[in-house]
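What follows is chain A paired twice: with chain B in the first complex and chain C in the second.
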Partner chain A sequence: MSNEKRLFLIVAAVLVVGAFLITTQMENRFYYKAAYVVLQYVVLATAWNILGGYTGYVNFGTAAFFAMGAYTAVALIKTWKPPLYVLLISGGIVSGLLGLGIGYLTLRLRGVFFSIATLALAVVLQMVVSNWDYVGGGAGTAILKPRSVPLFSNYDEFLFFVMAALAVVAVAVAWLIEKSWVGRGMAAIRDNEEAAECMGVPILKIKLFATTVSGALMGIAGAPFSYFVVYIEPTSAFHLDYAVNSLAMPMIGGTTSWLGPLVGAVLVGTAQQIATVTLSAEMNLLIVGSLLVGFVVFAPDGLVGLFGKIRARLVGKEA
Partner chain B sequence: MLSIEFLLNALVAGLLLGGFYAALSAGLSLSFGLLDVVNIAHPAFILFGSYLTFYANEHFGFDPVLAGLIFAVPAYFVGVAVYKIYYNSFEKTGAESLRGLVFFFGLFFLIEVILIITFGVDYRLVRAFYIGKSTSIGPVGIAYRLFVPFLVGGILSTVLYLFLTKTFFGRAIMGVAQDSLAVQLMGVDPIRIKTVAFGIGIATAVIAGSLLIIIGPVEPTIGREYIGRVFAVTVLGGLGSMTGTLVGALILGVAESFTSSFFGPSWALAVSFGILLICLAVRPSGLFGR
Partner chain C sequence: MGRIIRHVILGFALLLAVSIAFTPAAHAAKEVKIGFSMALTGPLGPAGKAALLAMQIWRDDVNAKGGLLGRKVKLVYYDDQTKPANVPGIYAKLLDVDKVDFIVSGYGTNLIVPALPIAMERGMVFMGLFGLDANAKFKYNNYFQIMPAGPDPIVDWSRGFFELAKKQKPQPKTIALLSADSEFARNAVAGARRNAKKYGLKVVYDQRYPFPGTSDFTPILRAVKAAKPDLFYVGSYPGGSVGIVKAAHEIGLEPKLFGGGMVGLQYTAIQMNLGKLLNGITNYWFWAPEKTLKFPGIEAFLAKYQKEAPKQKLDPLGYYLPPFAYAYVQLLGNAIEATKSFDQAKVGAYIRNNTHSTVVGNVKFGKNGEWATSRTFQVQLQNIKSNKMSEFSKPGKMIVLYPEDFKSGNLIYPYAKGK
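Let's look at the complex of A and B:
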């Protein structure tokens, strides 16, 4: 194991333990709710970036993968109320399979057509779930949280801790991919798929890997959603916000490294939480939309790219 | 239940709907089909047109179609401005495939949010003397709220077709679509041509928006449903063919009409995405593809 990997693992472990220690100290439930949403976006943005940023396939259907994870969990809770880790795993498997299916679509669909297909997937799945009465249909259904959980004083704190751990795992996965030959293969596909194929990059395998991992992570992020919101219905689970946010955050942070989506999700996610409280829910969407368009036009490499440029200029001056 | 009259009614309703879809897709056929600008914000511009029409109708009593035609003029300049930003930020540097797509998606979302903030999330509708009335030819009923959009859609497609094939400027647009470099060598600036063509595309989107609100009440988020429809029509018809767009729109209209007659309206939305997927898998160049 290289020094870099060891350092990364240590930092990851420290963060997870830190998240746990916070729950023993802080009381205010609102902060846990807000932090949960931000961390959820860390997972979604990182997952989106594995396919969108690394491989160059723009997914507009984040909500579909997220909601499939959430609704897989709802179906399981309705049948036998398994523990949370079972929900996480099953949500991940279902959305991962969905991602695998979308991956085969990339054989024929590239560019805008792939993106529209993912959007279509979200619309069609929302229609199916709305007509599926077992999980509440279009009207939705209430989900009872487990009353208590060992080591934590209430369930919201527990969910916060779980999401923090998931965020660390997601970023670690993205980091590992980026540092491996698979990550380099993805970058080759992004830059020129034909050329990559000619150079012997196993493009189908890598694309299927990217869509599956990306989808699975989104599904895992969605699995605890019904416990978090208590009342789940298709319109909120399939909301376009998930698609826009999970795409905007990497775009604002920077798409070429694991750091970009993390920075983007933490900054934009936190700003959104503040804006929702101080302004209104619509205004926070307006801010995200403007930021997205603004960054795409003026700072294509995101914040990470901007800092890189500034640093390069400062170093250049010293020398 | 399954009588000839029933089928005939479904067929006529589908054809009328198809004419309307042709109006929705005409602008996209121009920008995406001919110029390869993936304007997924097209439905958002359509919806923007619907709300402008609603405003003019509600406060000044304008006829919806007239309002659409008037607003098409400023919409042209909006389109020109959008294309200039798009060209300078993405096309010039060759970054249109990924970031250009995200740009239009962001634009789509931004317009939707602005509509929500300005007009709220309630359904809005317009008033006109022909809305709510209908006539019948034999056993077939024709609602004017469907007939007017059909008529305007048909005229719009014909005018665009004539413009592209008969006028110098229209032929220049076709020329840019076929071989941009050759057009440049003939002393025509392809960027200027594309800018004008994109502007016209947005202008038709706003006219289509006035038709959309005639057909039924609108709310800010229905634009999403039309992304699938307009792209299904342009791809099915064949990229860059105005005739193809009209035929594709009629096919989609009839297919949706039959689907909602037999299985219920909630499944109609799946038709467009289904057609799109099948078309891309079987014949990506469409019916009249170049």
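Let's look at the complex of A and C:
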């Protein structure tokens, strides 16, 4: 194992342990709930970036993968109420398979046509779920979360810890992909798909890998959603916010590295949480919209790219 | 060195900004804080804003009399954007950061349920605003819901419609059921389905239409017309209600009784839009300016509301939600005064065990915190001659037919005669 990899894994482990230690020290539930939402966006933005940023296929259907994870969990909870880790794995498998299937069907489409197909997927699945009475249909259903959980004083703290761990795992997956030959293949596809194919990059396999991993991570992020919100119905599970935010966050942070979605999700997610309880809903949307427009126009490589440029200029000056 | 200091200062500035954003306002002494989330934007935004205005009128009324037990009332609220996912975080902030003394719900079942487990965990009294059987799974004994749907809300909602139908000669035999594919409408029609069975009616049409997303109702209503039902019970939301009424007139659909669970017909803007098309429709209602519904304080409240509502571009008459939004905080305030306590258990027990006089009449809670007996009115719209607002602000237009205790006129039957 290289030193870089070892350091990354140590930092990841420290963050997970840190998240657990926080739950032993802090009681204020608001911070857990707010942090849960931000961390959920770290997972979603990172997952989106594996397909959208690394491979260059813009996915507008984040809500579909997220909601499939959530509704897989709801179906299981209604059937035999398994422990949370089973819900996470199942949500990941179902959304991963959905990603694989969608990959097969749609990856011959490129650019805006692929994006429209993913958006349509969300609409179609919302219709299906709305008519699936077992999981509440269009009316929705209330989900009772477990009253207690070992090692944690309440379920909110546990959900925060789980989402923190998932965020670390998602970023680690993105990092590993980025550093591997698969990541380089993805970058080649993003830059010029024909050229990549001519050079021997297995583009179909890589693209299917990207849709599957991206979908699976989104599904895992959605699996605990019903326990978080307690009442799940299709409108909120398939909300366009998930698609917009998971796209905007990597755009703002930077799409070419694992750090971009992380930075974007933490900054924008936190700003949204603060705006929700201090300013107003309109301000909340205005923040995302203004940041997105501003970054697309003035810093298309996101914050990470912007800092890279500033650093390069400073280093250049010193030299 | 200069750069390090700059970084340190920047770090502190950021820390300060974050802590200011999350720090509650200084805890003003002698203030009773009542916290809630409210849909101020999103699909329920207009109704949520009207509810907020009603609550603010109550706050001002109470504070003008010296507050609750000598402490001024302060409302602490955040916009949930009509998104259930925002609700848990908002209530956690209200309780853990703002340190509110009491919590009440936002508007609607979808936005009440996510807050209920939080109220349960903290043992807080939780007043609900227009939730339909929201407590069915939780069975929390300190939850009290102000909409007068009754102990078995899904069935009670449409009971009056069927009671009216039963009394007609010859007695209707068939019914068509139509609902929007969403929570309230489906529940309302599920109740109607059960009532249809109980009253021995044959269901000749039973369909849902996609919600949101349906704008043309003529094909659906043609299918209903082809089934030739005696009764037509509809569970719909405002946009659908308007579309269904217009389409029914367009194709000449004339069942003997038409309406039931159509949301929106109670809103002034929709009443002014539909005008004479509303004549003859029999629908659920919560309050109308009829002589039988002059509850203590309702007129004084509506006068204040109607003075302020046009400035905020809210429902100008405010007969549907605002009186109940006033009542659910009024009831909580009265319970605090009566028990002379801010103790959640004492206040909860008082609300549970007593009958309460409010601007929406006497309220007694029963099973699952719903009204002990249903008081969902069935109203028939009659004698509407124009689209002017004044048509709907006087008695004689929204005739209360059920329950008998509040009856203010007679049903014009069949629907075609009242049209």
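Quick note on the criterion: the second predicted complex is superposed on the first by the 317 of 319 C-alpha atoms of A that agree within 3 Å, B and C clash if a C-alpha of one lies under 4 Å from a C-alpha of the other, contacts with A are read in each partner's own complex, and residues count from 1 in each chain.
The criterion applied here is as follows: a contact is a pair of C-beta atoms (placed from the backbone, for glycine too) under 8 Å apart; a residue touches a chain by one contact, two chains touch by 3 or more.
Every value quoted in this text rests on a predicted model; they were computed, and no experiment measured them.
Asks: If you stack the two complexes on chain A, which partner ends up touching A:M251: first (chain B), second (chain C), both, or neither?
Replies: A:M251: touches chain B, not chain C.
Asks: Regarding the shared-chain residue A:S115, is it in contact with chain B (first), chain C (second), both, or neither?
Replies: A:S115 contacts chain B only, not chain C.
Asks: May I ask you to decide whether A:N131 touches chain B, chain C, both, or neither, giving the answer as first, second, both or neither?
Replies: After superposing on A, A:N131 lies in contact with both chain B and chain C.
Asks: May I ask you to decide whether A:K179 touches chain B, chain C, both, or neither, giving the answer as first, second, both or neither?
Replies: neither
Asks: With the two structures laid over each other on chain A, which partner does A:V293 touch: chain B (first), chain C (second), both, or neither?
Replies: first
Asks: Based on the A-chain superposition described above, do chain B and chain C contact any of the same residues on chain A, and if so which?
Replies: 127, 130-131, 282
Asks: Where on chain C is chain A touching in the complex?
Replies: So the residues of chain C in touch with chain A come to 18, 21-22, 40-42, 78-79, 81, 83-90, 92-93, 95-97, 110, 113-114, 116-118, 121, 134, 136-138, 181-184, 186-187, 208, 210-211.
Asks: Under the touch definition given earlier, write down the residues of chain A that touch chain B in their complex.
Replies: 52, 56, 58, 60, 108-109, 111-113, 115-117, 119-120, 123-124, 127, 130-131, 190, 240, 244, 247-248, 251, 282-283, 285-286, 288-290, 292-293, 296-298, 300
Asks: Using the touch definition up top, name the residues of chain B that touch chain A in the complex.
Replies: It is residues 32, 38, 40, 85, 89, 95, 97-99, 101-103, 105-107, 109-110, 112-114, 116-117, 221, 224-225, 227-228, 231, 235, 266-267, 269-270, 273, 276-277, 280-281, 284 of chain B that touch chain A.
Asks: Write out the stretch or stretches of chain A touching chain C in their complex.
Replies: So the residues of chain A in touch with chain C come to 27-34, 37, 127, 130-131, 137-140, 142, 144-145, 154, 156, 225, 228-233, 236, 239, 241, 270, 273-274, 276-278, 280-282, 284.
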